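Attaching a single structure in C-alpha cells format; questions to follow.
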Amino acid sequence: MTKATDRFTDPSPDQTAQPPDNSLASSAEPAPARSSKERNPLGELKGNMVLAGVGGQGIITASNTISFACMQAGLDVKKSEVHGMSQRGGTVVSHLRFGPEVHSVMLEPEQAEWILGFEWEEGLRFLEYLKPGGVAFVSTERRIPPTAQADRRGGRVDYALESAPPDGVVPIDTYAIAGDAALERPAIAQTVLLGALSVEMGLPVEIWKEAIAATVPPKTVEANLVAFENGRSWYKRWKQDTAGSKGQTVLQANGSKKSYESIPGSGGGKAVDASRTTIEAWRGGIPKVEIVRDWCKGCNICVAVCPERVLSLDRFDIAVASNPDRCTGCGLCARLCPDMAIEIWLDVPTHLGASTE
Amino acid sequence: MSTAITDAATVTRVPVTGKEKRLLRHAMMPHMLCPGCGHGIILDAMLSVLSERYDNLDNVAFVAGIGCSSRIIGYIDACTLHTTHGRPLSFATGLKLARPELTVIVITGDGDGLSIGGNHLIHAARRNIDLTCVLLNNEIYGMTGGQAAPTTVLGAYTTTTPQGNTQHSFDAAELAKAAGATFVARAQSYRPQVFGEVFGQALDHVGFSFIEVMSDCTEYFGRTNRFGGGADMLMSQARYEPSIDADLARRPTVEPIADAQPVRPVLPTGLLYRSSRLTLEETMGIKGARSSEVNETGQYSTDQGRDA
Amino acid sequence: MRLIQGNEACAEGAIAAGCRFFAGYPISPSSEIAEAMARLLPKHGGVFLQAEDEMASLGAVLGASLGGARAMTATSGPGFSLMQEHIGYAYLAEIPCVVVDVMRGGPSTGLPTLPSQGDVMQAQWGSHGDRAAVALAPSSVQEVYDLTIQAFGLAESLRTPVTVLFDEVVGHMREGVELNSPDPRSIGSRPRPTQPPGASFEPYRANEALVAPLPDFGRGYRFHVTGLMHDERGFPTTDTSIVAALLERLEKKVQVVTELVEPESYLMDDANLVIVSYGITGRTAKAAVDVLRSKGVKAGLWRPRLLWPVQDGLLKEALAKAEAVVVVEMNRGQWAREVERVAHNDALLHPLLKAGGAVITTEEVIDHALEVADGLPAAASRRVPLAEAVSWTEGKNQARMVVPASTTAKIGATEVDIEKKVGGE
C-alpha cells in the first residue's frame, strides 16, 4: 500500500462503517454495506475501469478519488495497483471495480466500461480491456515510459495521434482544458479526465467534489475542482458535437470495418485464442518471436524484462520462447537484447478484410 | 490460434524489430561482447535509428578507439575505422575535414575518450567539428580486465582499487559542454528509445554533438561490486539504488570513503544542452559542409548525407 | 629558380605532389613547414589543421588519407616520438601518409634547435613490433623538394607511411631551388580496386605487387580498418599463420623502394677509401672527397637518399672495392651499424661520429680520412669495432676541446697524431 492510499483511507468518515478492503471479509460480513445500499438509490450503480499512465501523473490519486466517491455513494470498491518498475516515469496501471458487491478486483479483457488513459500511448495500450460500447478517456499528453517500447498503439505499427483514434476513444487535451494551474502541477491536468468520467459514471457532482477535496493535496483542491468542472463541461459538449457519428465498433483491425465480434476466434473458445485475437486486432497481425541461438549469450535480460513471461533460458542457457502465444509483440526483449539475437515480427494477413468474411 | 488468419499463404511478415539487422556485418556475428553488456543494446539502438534514415551506410563512417565500446563498430556494415587508443576523434577530424559530406560518428569509451583521449575530446568540442561522438560509459576498463577508469566513482571496487576507488570521477557530459560542445545529451542502455531519440537529434545537429551513454559492464564492474547479472544491472539503472551504497559499506575489510558517490548516482538524462555556433568546417570555409544555421531555424534537412 | 628554405621547399614539394591535407603541432625546427602549409593549402583547395598534439596530427592525417586526400605532417624529435604510435598504425593498416622529421638533438626535449641525425634508428624502430620503414634523407633544399614529392609517390603507391628525415641545418638552409612541377601521373598514386563495391570486396587482398587496392571511405566500398592484426577482409584475427603472412607481405611490399630511389655515387669508380654519409654530412663529405682527391687519396662518396629499407645490394657493391670505409654521421653511430652489417668486415670501418649539436666540418672529415688513408693498406690490422670507434671519435672531439691527453691515452699512438693535427689548426 502506498502512502497515497493511506491518506485516502484515514480521513474517510465512513471508514469504520465500511468492510475491510478484502473480498472474503466483505462477503462474510456484508451488513453495513448492504444497509447503506438499501438506503441509497445510487447503490445499484456498478462498473469497471482501467486507469493507465506513467508514474508521476497522479494515477493512484485519481483512483483514490474515484474509490472515495464510490464509497461515499455506499458502493463496494476494489482496486488494484500495478506499478512495478515505475517510481517516476514507469508504467502504472490500476484496475478499479465498484458495485453493490465486488469480489475479484482484476479485470479481464473486454470487461471495462471505461478506460482512463493518463498518457496517450499508455491509454491505448490497454484498449483490449474495453467493453464493446465502452468509453476510453485518453489524455493526449505523451510521455515515454521506460519499459513500454513498441508496445503502444500509437507506436510504429499503428496509427499516430494525428490520425483518427479508434472508436470508443475520446482524446482529451487535458492541459489545455485544465486551466493555468496545470502548468505548475501537471497532475492537476489529469483531473480533467475525472470530470469527463463523472458524466458517464452517474454519481452526483457533489460526491465527486467531496472526494476530490478529500484525496488531493490540500493546496491544490481549488485548482483540481476547476479542472474537474472544465473536464465535465468539455466532455458534455464533445458528446453533443459527435453524437451520431460514432459506431458501435470498438476496435478495428487495420482498416477493417468489421465489428469486433465478427473477428474469428473472439466469440468463445479458449481464453488464449481470444487474447491472441485481441492482440491481432491491435497490431494487425500475430506477433512472432524468433531467437538466433548462435548469437544468444544467455544474459537473461530478455527473460527478466518480458512483461508476459514469454521467454526463458533453456538448459544450455540460451533464450527460448517457451510461451510464444503470450507474446504481444511489444519488442522490449529485442530492444534490450545486447546480443541482437531476438527478432519480433507480425504475421499480417495479406487481405485482412477478405479473410474475415 | 485462429488459423484462418495465420495461414502461411496469406500472411505477410512485417518486422516490429530487426530492421536494424540488415546494417550488421553478419559474417562477424555473434559479437565479442560479454553476456549482458550494455554496449550491445546501444549498438542495436544506434542501428535502429540509422536503419530508418538510410538504406545503406555508404555515406556513414564510424571511427572508434580501443576498448569494448570501440569494438562495436566492427559489426556495422559501414566504413569503419578502428583506430588507436584514445585517438578516434583525431582520425575523425581528419576524415571529416577531407570529406565533409560524410556523416562521421565516433564511438568511444570512458577510458578511451576521457582518460587517454581526453585531450582530443575537449579539442573536438572546442572546434565544434560537425560530427557525433557517442561515449559509452561503463565506469571501468573492461577489455583489460576491470581496472578503474576516470568515470569509476569514488569508493567503487575494481581490480586496481581493491580498497575502493580513491579518485574522483569525471562527469563526461559536463566536460563536453564546458569544452564547447554544442549538443550534449546523456542516455542509458536501459532506455534505448531515449538514446535513439537523442542520437537522431545529434545526427541532425550541425556541430559537435556528444552523447554519454551509461552502459553496464556486467563481467567486471558488476561482478566486482556485486551488482548481479545483466538484467539486475539494467534494472538498477532505472533508479537510484541506496542499497548499492549499503552493499559497499557492508564490505568487511573496507572503511567507507567519506564523500563517496553512490555507485549508480542519479544522473540527468536526455538532451542536456544545445546551442549553435559556427562549425570548424564553416570557420575554415570548407565546401560541402552543413550549415549551422539550421540549428537556429530548426529546419533540419534530414536528407543530408542520405543516399540519393 | 627560387631562393627558399629547406622547410619551405618541403611544403612546396608536398603541394606539388598533390598534398591537400596537413595537420601539425608547432615544434622547432620544423614549424616553418606547418606555417608554409597553412599559407599554401587554402590556395590549393586543401585543409590545414593545427592539431592539439602530435598524436592528433598524425591521426587526422590518417583519417584524411582514408577519406582520399594526400596528407602529411611534419615534426621534430619529441613530436616524432609521440607519432610513433600512429606510424605503426599506418604501417599495419596500410594508410598512405608522409611524415617529415626535421631532426634536432635528443633524447628528450634535447637540443632545440641544433642539428642532429639522431632519429635515424627511430625512423625504423621507433614504433613497437616488426616494421619495414621507408625513410628518405635529402641533403639539399632542392633534394628536400624532390624527395618530398617522391615520398608521396611511394606512400601512395605502396600504401605505407613514408618518413622524410632531414636535420635542422637542411631545414633552415636557403638555396636556389627549381620548383619544377612534376607530371602528377609520374608521382605515383594509390592502387584502386577494379571490382565494384560489394560483399566480396576484400580491402586487404594484395595485388601482384603485394599492395592491396585502397578505395576511399564513403565511395560505396564499406570496409573495416583496424590496427589489430587482420585477415584479407580487414577483420581482426589471431590466426598465427595469417598474421605471419601479413607481416611478411608488409615487409616484402616496401622492398621495391630500394630500386626506386637512387643513391648518389661520387668518384666511386676507383675509390679505395669510401665515405658513406647522408643528409647534411653527405655534403660535407662530398667537399672532403674533392680535397682528398687533390691530396692523392682515392676517395669516393656513397650517399644514400634512402635510409630505410637499406639498399643492401647497392651498398655492398659500393663497398666491394673499398679498402677503408668512413661512415660520417651526426650521432653516436646509428646508420654506421647498417654499414657494418652489410660490410661484414670490421677491418674496413672507420666511422666518424659526432653527437652534441655541432656539425661535422669538412676539415674533420678530411683529417679523419687522411689518417685512415695513412694507415692503408695496413688498415686491415687496425680492427676497430664500432663501440671503440665511438670512444675513439669522442677522444678526438675532446682533444679539440683541449681535454688532457691522459683521458684518451688508451688509444695510443694514433691519438698523439690527432692531437698534433688539432693543435696545428
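As written, the chains take the letters A, B and C, and residue 1 is the first residue of each chain.
Going forward, a residue touches a chain if its C-beta (ideal position, glycine included) is under 8 Å from a C-beta of that chain, and two chains touch if they have at least 3 such contacts.
Computed from a predicted structure; not experimentally measured.
Participant: From subunit B, which chain is the farthest off, judged by mean CA positions?
Facilitator: The chain lying farthest from subunit B is C.
Participant: Identify the chain whose mean C-alpha position lies nearest to the mean of all protein C-alpha atoms shown.
Facilitator: So the chain nearest the centre of the shown protein is B.
Participant: Express in whole angstrom the distance between the two chain centres, defined as the mean CA positions of subunit A and subunit C.
Facilitator: 76
Participant: Could you put a whole-Å number on the gap between the CA centroids of subunit A and subunit B?
Facilitator: The mean C-alpha positions of subunit A and subunit B differ by 35 Å.
Participant: Cα centroid separation between subunit B and subunit C, in whole Å?
Facilitator: 42
Participant: Can you list the subunit B residues touching subunit C in their complex?
Facilitator: Checking each residue of subunit B against subunit C gives 25, 27-28, 56-59, 61, 63, 73-74, 77-84, 87, 89-99, 101-102, 119-120, 123, 284-286.
Participant: Across the complex, what residues on subunit A touch subunit B?
Facilitator: Within the complex, subunit A contacts subunit B at residues 85, 87, 90, 144, 146, 149-150, 156-157, 264-265, 273, 276-277, 280, 284-287, 292, 294-301, 303-305, 325, 329, 331, 334-352, 355-356.
Participant: Spell out the residues on subunit B that touch subunit A in their complex, using ranges where they run on.
Facilitator: Touch residues, subunit B against subunit A: 1-2, 4-6, 10-18, 20-21, 24, 29-31, 33-41, 43-45, 48, 189-194, 197, 218, 229-232, 234-235, 238-239.
Participant: Touching residues of subunit C toward subunit B in the complex: what are they?
Facilitator: For subunit C paired with subunit B, touching residues are 20-21, 23, 42, 47, 49, 51-53, 55-69, 71, 85-86, 89, 197, 216-228, 233, 235-236.
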